[in-house]
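Pasting a structure here, questions to come.
Read from first to last, the chains carry the letters A, B, C and D; within each, the first residue is number 1.
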Amino acid sequence: MQGKIALEEHFAIEETVGDSAGFSPADDWVELKARLLDIQDRRLAEMDAHGIELMLLSLNAPAIQAIPDRAHALELSRRANDFLAEQVARRPERFQGLAALPMQDPEAAARELDRCVSALKFRGALVNGFSEVEGHDGAVYYDRKEFWPFWSEVERLDVPFYLHPRNPLAKDAAIYEGHRWLMGPTWAFGQETAVHALRLMGSGLFDAYPRLQIILGHMGEGLPYSMWRVDNHNKWMRAQNVYPAKRKIADYFRENFYITTSGNFRTQALIDAMLEIGADRILFSADWPFENIDHAAEWFDSATIAEGDRIKIGRDNARSLFRL
Amino acid sequence: MQGKIALEEHFAIEETVGDSAGFSPADDWVELKARLLDIQDRRLAEMDAHGIELMLLSLNAPAIQAIPDRAHALELSRRANDFLAEQVARRPERFQGLAALPMQDPEAAARELDRCVSALKFRGALVNGFSEVEGHDGAVYYDRKEFWPFWSEVERLDVPFYLHPRNPLAKDAAIYEGHRWLMGPTWAFGQETAVHALRLMGSGLFDAYPRLQIILGHMGEGLPYSMWRVDNHNKWMRAQNVYPAKRKIADYFRENFYITTSGNFRTQALIDAMLEIGADRILFSADWPFENIDHAAEWFDSATIAEGDRIKIGRDNARSLFRL
Amino acid sequence: MQGKIALEEHFAIEETVGDSAGFSPADDWVELKARLLDIQDRRLAEMDAHGIELMLLSLNAPAIQAIPDRAHALELSRRANDFLAEQVARRPERFQGLAALPMQDPEAAARELDRCVSALKFRGALVNGFSEVEGHDGAVYYDRKEFWPFWSEVERLDVPFYLHPRNPLAKDAAIYEGHRWLMGPTWAFGQETAVHALRLMGSGLFDAYPRLQIILGHMGEGLPYSMWRVDNHNKWMRAQNVYPAKRKIADYFRENFYITTSGNFRTQALIDAMLEIGADRILFSADWPFENIDHAAEWFDSATIAEGDRIKIGRDNARSLFRL
Amino acid sequence: MQGKIALEEHFAIEETVGDSAGFSPADDWVELKARLLDIQDRRLAEMDAHGIELMLLSLNAPAIQAIPDRAHALELSRRANDFLAEQVARRPERFQGLAALPMQDPEAAARELDRCVSALKFRGALVNGFSEVEGHDGAVYYDRKEFWPFWSEVERLDVPFYLHPRNPLAKDAAIYEGHRWLMGPTWAFGQETAVHALRLMGSGLFDAYPRLQIILGHMGEGLPYSMWRVDNHNKWMRAQNVYPAKRKIADYFRENFYITTSGNFRTQALIDAMLEIGADRILFSADWPFENIDHAAEWFDSATIAEGDRIKIGRDNARSLFRL
């Protein structure tokens, strides 16, 4: 398929590129680093070769989210966003931007998002999971009340928010002890992000800001397969799942969430997702440079779905969600 | 469908019944407790009413696994197993037993399994996730080397081992803080059990004991949807997923695992599982008394799958796996 | 689901009701006849009871199409359409009309369609397969050139055309000899209508009138399952499928056709159709009074598809296709 | 996948090769003819290149079935079968035989099948649809009572019977008039063979000979998608589908039929078939030389189904059905 749009596609700047080193074997780091620092060259050639017209770019992970110092997190966000804006300006028909945000300081994050959308013409934000924050000794998730004014601003700006994975803190990763291979995309990314998304849903956030649209990568981080059980386990009991939100979790999932195909090029999962959240809320993505563009595109272009759905997932859904 | 076999079906004895109190709202505890303590009465009526010919019974959770004292864990296992053997003896054509095991002491667990299989004619074991063990300050998972002699005995006895969920320890549950509703079957059960299963697969256990058969409930605890990504993420890198096992994780999943439908009565997930692990490795179960028999049976009897697969999943697979 | 729209729903007038007698056992004819002649009473109660807000009504089969005399066919079409318009006028929020057309005379059919759309405010047409025409000794299909001016008018009026089944002529039904049970909805309806649709696609009609929208009932009359083979059999040969049309048959199927669920309440087929033609081109329908409303609605309301797709298939697709 | 078995794979002898000329454009006839007349050379190379260990060979179509003269039909059957036996004898580990049968004379057909199975060690029969018979002016289908002694012999010999497509007689093909492209594999093959199979099911044949196993090619000739409607249309009426057989049609379909993937390399249809008839009754096949081995094998080897099902469909089901 020509004309695809991809939206979980990462770059790095010198200050953040090292954050990705842990996600590749040492032997592949030279290649990964080069891919991350490139925008206008190799990346563009890959896009041309595999029918990707447009990439929405975002900073690598965890980057900003792993900087406990609020001022530093803000300063680096601004620098990364400014850099991205320059890159986009060189080829706006091929690249668009998603903002990095210093969520450590919700008010600063809201201001930076406003700046990115209003001044830099970014299309939304991509945030790498929970934030580490000076003075907190654990992961800070965004269902907490101090983030609601931030979410209010996201709704007002009317742009999507991509909730991207990161690994749990070492203190919260006992379950993976002795099995480091389960960290990252193998497994831990999915658990982290799925639970963060469920926290948002259960918190009542979407009752307060019903127009918010959150994007999850990797075919929904496992949620489509397990969503029924979230709402329907122990059905005979009178009051399971006591949370502040007013509706069933699946209602929020299908009204406030989109999912992308990034890093999960499996047709069975795509079909399952289509039967849970529907083709209107699925978006093509690759997860470059961690995943190859050809792996993503060749799979997607021949996945056994309806052609009309391929066009929606490959391009049209992104167009209308991001107003491209 | 008549003649179904169900195999994640729990009972309690006085000493363990309280362990289940946390899994129901206070209002429903009277009912849940009565259901757990009953075997020959209400349970049988439910089975008759919904076409279940045989239940393989197992102790409630976490029970034995939450008793750090080795001697106590063994003593209570024996008491529960003896009680179950008596119950089975009253109606062996309707009930069969799965052993509770004091995994805190692998050697004792092996001996108790041998006793249950050889003397009590149990059909296998059901263990509630990791064990708490005196002297360890964390969860003990069964991929550790000290358990390999136990697994050798399981293979020798040639009986299946049901890896049942339990909740993470409080110290490992920071991600659910402020969202208690995500504990238990809503979400945490799946994460706990899926990772435990992945640890077994990655450890090389099934290279050493290739005939082992592990059963996972709840349509595979999320694994079928995410299995492709476990093995195939970051495919261009030369060495992802460095673990002791020799093969791809999915190879172990489809050769050493069975999954059941317990508590996950969703046709989309069943179809996805059929396209990942195949109908030959899926088994009907309800998860009584936490789930209702009618919910499980009415869903399963009309699920939109081939009739031949219904008969295999509903009965024949269990028959040949447990030699019934 | 409340608010459903159903569009293959039939009524009869005294002159045509007898045409349906052959489609029911003698014992059920009293009931079927009463159902066909009723509009404002029993039908409305069924709609209310099963969440159907609106029915698009059409004359029973084969009716007009089985009247070789052109003048008679026209006269009866007008009478049926006028009657329908009166019925719709009594409850326009619950009933809308699809025109019966005297296809024996393509020019008259075009004029009658114009009258129905312009004057009677009908939403489209429903035609019962091929026509018998005085002077022809066989079935007349609408890919023939003499119908192209008619199709031009359909495109100009911008309304959908429902191609409804009928049985083959006795002379063309040798394959069913001794097996009358295969006639009608059991099998022959599907073959007749699928081939008629394929003739339209292969004729080049949709190259000439690319905005035409044809509706097929019964989950696409078997076409979704077999469409790949139509285009892709004997792929190594240089020129299979030599027909006047310019594109692959599947291209027309997905751009010029919609299908409905009428009389085919099978989730497997619905999923297959969704993966071939996509949820945007599937429409709920029952086929009352031949099928029961409760059978159609109870199946559809609980079919294991995404809720967003249920709303599209159940209502929104029809709304936008018929501008309701 | 290595070790595949394929079973709708055709060859021709000089006397029958011309029958296939109509199924290829003139430009491709040289190639098709060469492919049909080859067994030990090009065919073997294709098998080696694409993981096919064994082919069950059968004569091209319609061949014997289009010879009204009974004696000639028998004589040519014997000649083709003897030729095939010689070819198989050269490489029995790579080729096995399916008998051509002179169905024009049911008693002779039974005797020839016995000879092929008992003396030539063939694994079953493949017959090209209805027979033309001297003295009959139409197609003769095998549900007729004069064939029941033949079927009794098939059951006694306990070998499968492959019901292969052929085109309708010219007199029965009015529906395709002006659309010759719909003849053959595009569409007419499916209709002919599906109805023939339905006639067998409705006739009561499988009540009389319940161990008969019939194989249909091309993913079941459309039957899986439409089977529900065959049994369940007009459900409220008291007696639809009045036929001599005792059970629902779907019951025979799933107990007396197998289907193959020949010429229908579409994953959506495969999944639908798996959800209707089950993976235990689906068999890999290509339909060489009309379809390419590489098209069949590359599709099948990467079709998005469980690996265990791939092995069953690709080999193990055929092994146990044909006792290979």
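The rule is short, and it goes like this: a contact is a pair of C-beta atoms (placed from the backbone, for glycine too) under 8 Å apart; a residue touches a chain by one contact, two chains touch by 3 or more.
To keep track of the chains, here are their UniProt names: A, B, C, D = Gamma-resorcylate decarboxylase.
Everything numeric in this text was worked out from a predicted model, so none of it was measured.
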Where the centre means the average of the CA atoms, what chain is farthest from chain B? C
A-D compared against C-D, more contacting pairs: C-D
Round to the nearest whole Å and give the separation of the Cα centres of chain B and chain D. 44
Centre-of-Cα separation between chain D and chain A, whole angstrom: 51
If you average the Cα atoms of chain C and of chain D to get two centres, how far apart are those centres in Å? 33
Mind pulling the chain B residues that touch 2 or more other chains? 266, 268, 271, 275-276, 304
Within the complex, which stretch of chain C touches chain A? 250, 254, 271, 274-281, 304-309
As the complex stands, chain D meets chain A at residues 266-268, 304
In their complex, what parts of chain D are in touch with chain C? 23-25, 27-28, 32, 138-139, 143-144, 168, 171-172, 174-182, 184-187, 190-192, 194-195, 198-199, 202-203, 218-219, 222, 224-226, 228-230, 232-243, 263-266, 268-269, 271-272, 275-276, 290-292, 295
